[in-house]
Amino acid sequence: MNFELDQTYQFFGKVDQTNPSSYDTYPINVTAEDGEKLIVRLPAGASVQLNKIYYFETTAIQFKEKIHLRADSYTIINQMILEDDRKEELMRSFYQYAPINLKQTRHKIEAILNQIENKVIKDITWNIYEKYQNDFYLYPAATKFHHAYISGLAYHTLSMMQLAEGFLTVYPFLNRDLVMAGVFLHDIGKVLEFDTFEGSEYTIKGRLIGHITMGATEIQMVAKELGYEDSEEAMLLGHIMISHHYHGNFGSPKRPNIAEALVVYFVDTIDSKICDLGEELAEVQVGQLSAPIGVLDKERYYKHSLTNIKKSE
Amino acid sequence: MNFELDQTYQFFGKVDQTNPSSYDTYPINVTAEDGEKLIVRLPAGASVQLNKIYYFETTAIQFKEKIHLRADSYTIINQMILEDDRKEELMRSFYQYAPINLKQTRHKIEAILNQIENKVIKDITWNIYEKYQNDFYLYPAATKFHHAYISGLAYHTLSMMQLAEGFLTVYPFLNRDLVMAGVFLHDIGKVLEFDTFEGSEYTIKGRLIGHITMGATEIQMVAKELGYEDSEEAMLLGHIMISHHYHGNFGSPKRPNIAEALVVYFVDTIDSKICDLGEELAEVQVGQLSAPIGVLDKERYYKHSLTNIKKSE
Amino acid sequence: MNFELDQTYQFFGKVDQTNPSSYDTYPINVTAEDGEKLIVRLPAGASVQLNKIYYFETTAIQFKEKIHLRADSYTIINQMILEDDRKEELMRSFYQYAPINLKQTRHKIEAILNQIENKVIKDITWNIYEKYQNDFYLYPAATKFHHAYISGLAYHTLSMMQLAEGFLTVYPFLNRDLVMAGVFLHDIGKVLEFDTFEGSEYTIKGRLIGHITMGATEIQMVAKELGYEDSEEAMLLGHIMISHHYHGNFGSPKRPNIAEALVVYFVDTIDSKICDLGEELAEVQVGQLSAPIGVLDKERYYKHSLTNIKKSE
Amino acid sequence: MNFELDQTYQFFGKVDQTNPSSYDTYPINVTAEDGEKLIVRLPAGASVQLNKIYYFETTAIQFKEKIHLRADSYTIINQMILEDDRKEELMRSFYQYAPINLKQTRHKIEAILNQIENKVIKDITWNIYEKYQNDFYLYPAATKFHHAYISGLAYHTLSMMQLAEGFLTVYPFLNRDLVMAGVFLHDIGKVLEFDTFEGSEYTIKGRLIGHITMGATEIQMVAKELGYEDSEEAMLLGHIMISHHYHGNFGSPKRPNIAEALVVYFVDTIDSKICDLGEELAEVQVGQLSAPIGVLDKERYYKHSLTNIKKSE
Amino acid sequence: MNFELDQTYQFFGKVDQTNPSSYDTYPINVTAEDGEKLIVRLPAGASVQLNKIYYFETTAIQFKEKIHLRADSYTIINQMILEDDRKEELMRSFYQYAPINLKQTRHKIEAILNQIENKVIKDITWNIYEKYQNDFYLYPAATKFHHAYISGLAYHTLSMMQLAEGFLTVYPFLNRDLVMAGVFLHDIGKVLEFDTFEGSEYTIKGRLIGHITMGATEIQMVAKELGYEDSEEAMLLGHIMISHHYHGNFGSPKRPNIAEALVVYFVDTIDSKICDLGEELAEVQVGQLSAPIGVLDKERYYKHSLTNIKKSE
Amino acid sequence: MNFELDQTYQFFGKVDQTNPSSYDTYPINVTAEDGEKLIVRLPAGASVQLNKIYYFETTAIQFKEKIHLRADSYTIINQMILEDDRKEELMRSFYQYAPINLKQTRHKIEAILNQIENKVIKDITWNIYEKYQNDFYLYPAATKFHHAYISGLAYHTLSMMQLAEGFLTVYPFLNRDLVMAGVFLHDIGKVLEFDTFEGSEYTIKGRLIGHITMGATEIQMVAKELGYEDSEEAMLLGHIMISHHYHGNFGSPKRPNIAEALVVYFVDTIDSKICDLGEELAEVQVGQLSAPIGVLDKERYYKHSLTNIKKSE
């Protein structure tokens, strides 16, 4: 884009880098909504967060024989009132996003949670759902390996619920309420474990306590608030939470000891692996091997000619 | 039952034990169709197989002050012409049986195999199906641990197909033909590995070669007969076969390296575990722990009050 | 003892066994304080708990040509007002007991907890101490393997504190408050995990959730009550709790990631092993090998002639 | 070498690299038989295979002030009629080669296979030998780690046979025919698993099925053709094949369960390790440690002063 | 045998059991050279060692209406002067014995040790050989699992030397002196580790130090005596000693790091396994599986019809 | 420093690098006591050892228009007579050093060894102490990972003794003499295993035999010299030596089988880990994670705000 001197320009932009300077303004690198790379000058002393989206109001000024954009104001989008659709549009422009329609996903998940019949399970689950739903639909499911993009957690959760349907059909002795509530709750601690939904990193508390124990504590605290502290249901949901990684070496202090916990473990591990595998194969030409895949024991997978997926261009 | 001297009696019976004797007849223990335990005397030199069903024609005679049944003739049911329903009825009387309706199971499996579209896969699969279908619907899936009863293999196969449906829905990049043919074929080598469908034991060839390599050789031989020796499809089916135990320590010389092989592995391991878990929980009172379960790392599972299964009386 | 007909007898006794009967009284086996084995008859419909101590008031009656004791009343000691010394005396008569003086142990532990300087740590620790102190001084540290006797938990905790002193001397960078509070708290969840202090067994909740997660939730709940929910100290104590088994396979969802957690792990594992080793060697003659010791990788230890311990007679 | 303009030059050369060009000829890098590095220009559209030997007929031309060789014709040696000795001479010039005399090796292996007495074993073995002998004497035994050079498979096989002699002497209960046929057959699947004998790489079928299952299928197919499908001998040879890596993690679906299979495993693993060790020590000065050796658990071996091998200059 | 009252009887016998008595003589159970089970009465206060051979001079006396043999004298054979052949004959009568001719074995081992050319290796090896040769030819190679019979160590050593010949032929870079001396020395510490050659058990020193460290210390002490303390040869022999179990978990503090140590490990492990396998198969009928074999990962081995060994009757 | 032509300069310096030259002198890089980097010219043919401290007497000369220092003499400090304090001062200038006062450390260790009461243990320990004390106070405890600096071995040994005090207090059945002698002896083989105390590397003997077996042999040899060859004490000290790494995979041919050996193992592993952890945390800012720590399973440790250690500037 060509900027004309002294004109004003408004736009949303993601902060990529900040550059210290001894002048009374300093330059930051910004990516605009259309992908253009811009340089914006902020007043010395002003601070912005890396990787976040801001709304910039700027004026084009001359700086050392070049035209720069001077920020007259900048507002982080968390603090702006934006419609949901516009918000999602903005984030899709700036971040990697789960390949889902968020509205439909929310609709389906809520429908499944509404089917829970057991009052204790329903109360606990909905209480936690309402408390964390904003973050739940934004956070990734992991910082790397699988579902490591915005809305990854919701995408992963819904896929698990769909897989779980198959289990409930084949094994009618399973309790549907426990399975579905367990699937919803199993990774809810991730919204506490990661620092932010964009480019997530572990917080110190995430590292020292972890989403499994944080999730179990959350369930117990909510159960207590609701008067279900000593209910069998709260104990079973807590057990599903702490056993969903199955193996002690992967963070579970207990292995599954009820059938529904085993099912939650299975659909979790399956979705983390096969979803990732599909994304890897999408990058490979037919007749070729993928790179070694971390979540699949570093095996390389072959993309045969019958695979129902094309390499994205 | 009371037997009258010199009367004749005809019945089906399973041979439980044979007892050597120095007389010119010797006694064998037989369970009749209604569960009654009988003693039948066979002529010295005659031989019957343990654990098999025979049709006995007998006469009640006096032997050392007791009434015994002397076999006038005996025919193993393999050599009799019986209607399917009568045959199934007989076997259900004498052996432990999968909890399925065999006719419906056969109908469903054939319907799924009929949906295979790829000609090479369809030809190979149906060729093997037709060759082994009699045994396929009779054999167990294992000699112990899981599905270790008559028709266990067909029961296990259908459950796996039903679970696989869920995977195909959630992950559309998977090839349905490979998954369903792979599920059908994966344990077909068991009909070669076990000596018989009732009270199966491993044959020496089963121990030294195993159902995985026997199955892979079978696929390759059939592919050669049909002119598909060098087809990608035969290779892929062979790969699904040899990788379906995933781990080298459990008999797979290769880990899954195509997505469909991974799915066959998952539905196999899931059904072997959860089907067995359901059967174990059926034996336990609500509020109690099961015995340690072999296929589930010897964990004891808790039967909570929300389990949809009652203890059988 | 000889009982005279129609005389009354009062005594404390532990219930060893109850024997159903079709009479209007039924006999129970009781061990008296002096070790004598008695038979007491209870009215049909009355119930007593196995392994518990009762105060019996009885009358000697004639029953089928023998003299039996008929219970006129019986009271479980939990419901009696007894002096501490008398209570301890009774329990020492009936149960296996840690080789400590309970009063001194309590005194020493409280002295150490009183030295905690950090207000947040002190408040959380004392709040939990006061809540659970009765059970804390009665419960064992394990149901088998090590410190599996009454007051085993307090004995184990004090030994750990004494070992920790050595670490604090050699490594001055360690924070004393965290180490000592961590040692006190580390097994507090055991009073929740076991059903009772005499002949402890795991509760279902103990099995499905476990003392580690229960302990971590307890710390977080108390911290919240005291307004320390987001304090670094609460997080660090929680981390010490969940990492004190070090290995995922032994129930810790996180390995130690602060120095003080590593120290708590070390003194815990050391005391569980060496205390048990000392008890095993006490049973062995000089010049002999012990039986394989479970907590020491099933190794057999040699009692050499320089060992400062004699075989108990 | 100096080339004179317009003169013609004929020579054998191995193609090292091809370089795209927009001219109507493009340059390729070629190594000549004497090791000289040449540049030859091919007509646009012509194609040659990397790593293969060609016979080039060229003319020296001027290209941008330098003298280049223009290919007037080029023929891959597979399509030329050459005497065996000349062929071996050429390959020794261009590729790394096993340190053996191929004629003697062939002679010794055939002599051993001729000593097989059991008709079934002899027929199966010779049938496979004759089918694959050309490749058998050219292929390496592995793509890396050990015997990864031309004729490596034959070299490895003969060493194993010589080691096996020692076993047959010390343990007379072993069956010589099974051991020697097993040694010959054990890696025959490698000629199917690798794409070519020079600079071998795994084919996709090699990766998805592997030489063990391919070899077992080959034995069974040949046995069937010869009417030995159900012979004990075919089963035993198949078992030796699939168990010769011993460990499931190394690709064997069964562990050895006959003595001769154990012997084949031992001489295979020994020769793969000690042959490689000898080659590594040949590169090391006396008094020094080797680099970590992959096939020997990454241990570094010491070359002491008593080693009967000098460092090659 | 019938004993006549007051007659004297002389015989060799092994003490099987001693039976305390309050009489002034007590009975012991003795097996005579011809296998007959006898009862001999010893004077109270006399003591004999279990499992040892004695020469008894006895008189037949009457004891409680039976005829017993009263020992007039008894001498342990260690203290008798007997010819070698007679000694071996006696031991073969009473104990399980390696299936070898001891004289020939000694002859062959000495011939091999005489071929050692390196003076340092020869001096150290012969010094130790001469010091321990009596025990060396009597001790077993293990207390159970393999070669657990008299002369087992010499039998095992010679088999290893014969296997090693094959290695030396195929891999000429190996130093023969180190290999053969290493084979002879590798288990010499067993004569120190076990308490006695008949029915060997570990001594306390054997358990706490072990034959590997005892052997290494022995080599170093002898080297020092001979003035070879700092020789490369003493170091290499010490290294072969401590690395011959290869794995740390099996008692080797170092893995092999010279080629000759690797060879000693291989021939040791091979002979311990295949010798035992041969002995197991000798007990099995053709067509049957052996019991699980401890030294072979508890695998069951199949005795096929081509096995060159008959079941002993 | 400025050097004036033809003036002489004397100084201590550590040789960092030598540079070949065709002149009749060649330059070497030297670090002086004050840290200055100098170039000194040595006569062709003269040789110095890298990493060692020398006393140089030099004259400033002109060399190619620069002033260089020509060495008129140079003496390695090993061959100079220097007071202890001066020697330590020099080494602290040139090498990384344990953070201890050497004189006090020596005093404390000797005091503890003087408290040994058992004559056999005392004689063996002091004999070895006197033989190796010079090296003992100079050598590191490892070449990397922990205590890898001068006097690291003495520092490590004293810390272990201090930790051991705590164990002796809590577990009175332990024998103090064995524990303290065991701690002193446990790593004495390191002075044999490393080539030199500055920048230690393993000798070949260190690699092939190792400090554990060398240490065990040393104890046995000294015991023999002192007439204690068959004493229980020598055996127990030998056992402590060989079991102090506990795990076979870490070089111990035996696991601890006496209580004192277990204690020596514990204080060894604890000090190697926590001492290193303290050093790592000293490098980290409060609120940050350390780098992955090798001796602590590559875990990253968090430096919380209560840590009693500041980041060194």
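Lettered A, B, C, D, E and F in written order, each chain numbered from 1.
Everything that follows uses one rule, which is that a contact is a pair of C-beta atoms (placed from the backbone, for glycine too) under 8 Å apart; a residue touches a chain by one contact, two chains touch by 3 or more.
The structure presented is a predicted model; accordingly, all values stated were derived computationally and were not measured.
Common neighbours of chain A and chain F (chains touching each): C, D. Counting hops only between chains that touch, chain B reaches chain E in a minimum of 1.
Both copies, chain A and chain C, contribute mostly matching positions to the interface they share, with over half of the numbers common to the two. Computed centre separation for the pair chain B/chain C is 51 angstrom, with centres defined by C-alpha atoms. Chain A and chain B, compared by their mean Cα positions, are separated by 46 Å.
With centres set at the average Cα position, the gap from chain C to chain D is 68 Å.
For chain E, residues touching at least two other chains, in rising order: 204, 207-208, 236, 257-258, 289, 302. Interchain contacts (touch definition given at top) occur between A-B, A-C, A-D, A-F, B-C, B-D, B-E, C-E, C-F, D-E, D-F, E-F.
Against chain E, the residues of chain C that register as touching in their complex are 287, 289, 302. Of all residues in chain E, only 204, 207-208 touch chain C in the complex they form.
The touching residues of chain E, when paired with chain D in their complex, are 118, 159, 162-163, 165-167, 169-175, 177-178, 232-233, 236, 255-259, 262-263, 266, 270-271, 273-275, 277-278, 281-282, 289, 296-297, 299-302, 304-309. Of all residues in chain B, those touching chain D in their complex are 204-205, 207-210, 212-213, 216-217, 220-221, 224, 235-236, 238-239, 242, 247-254, 257-258.
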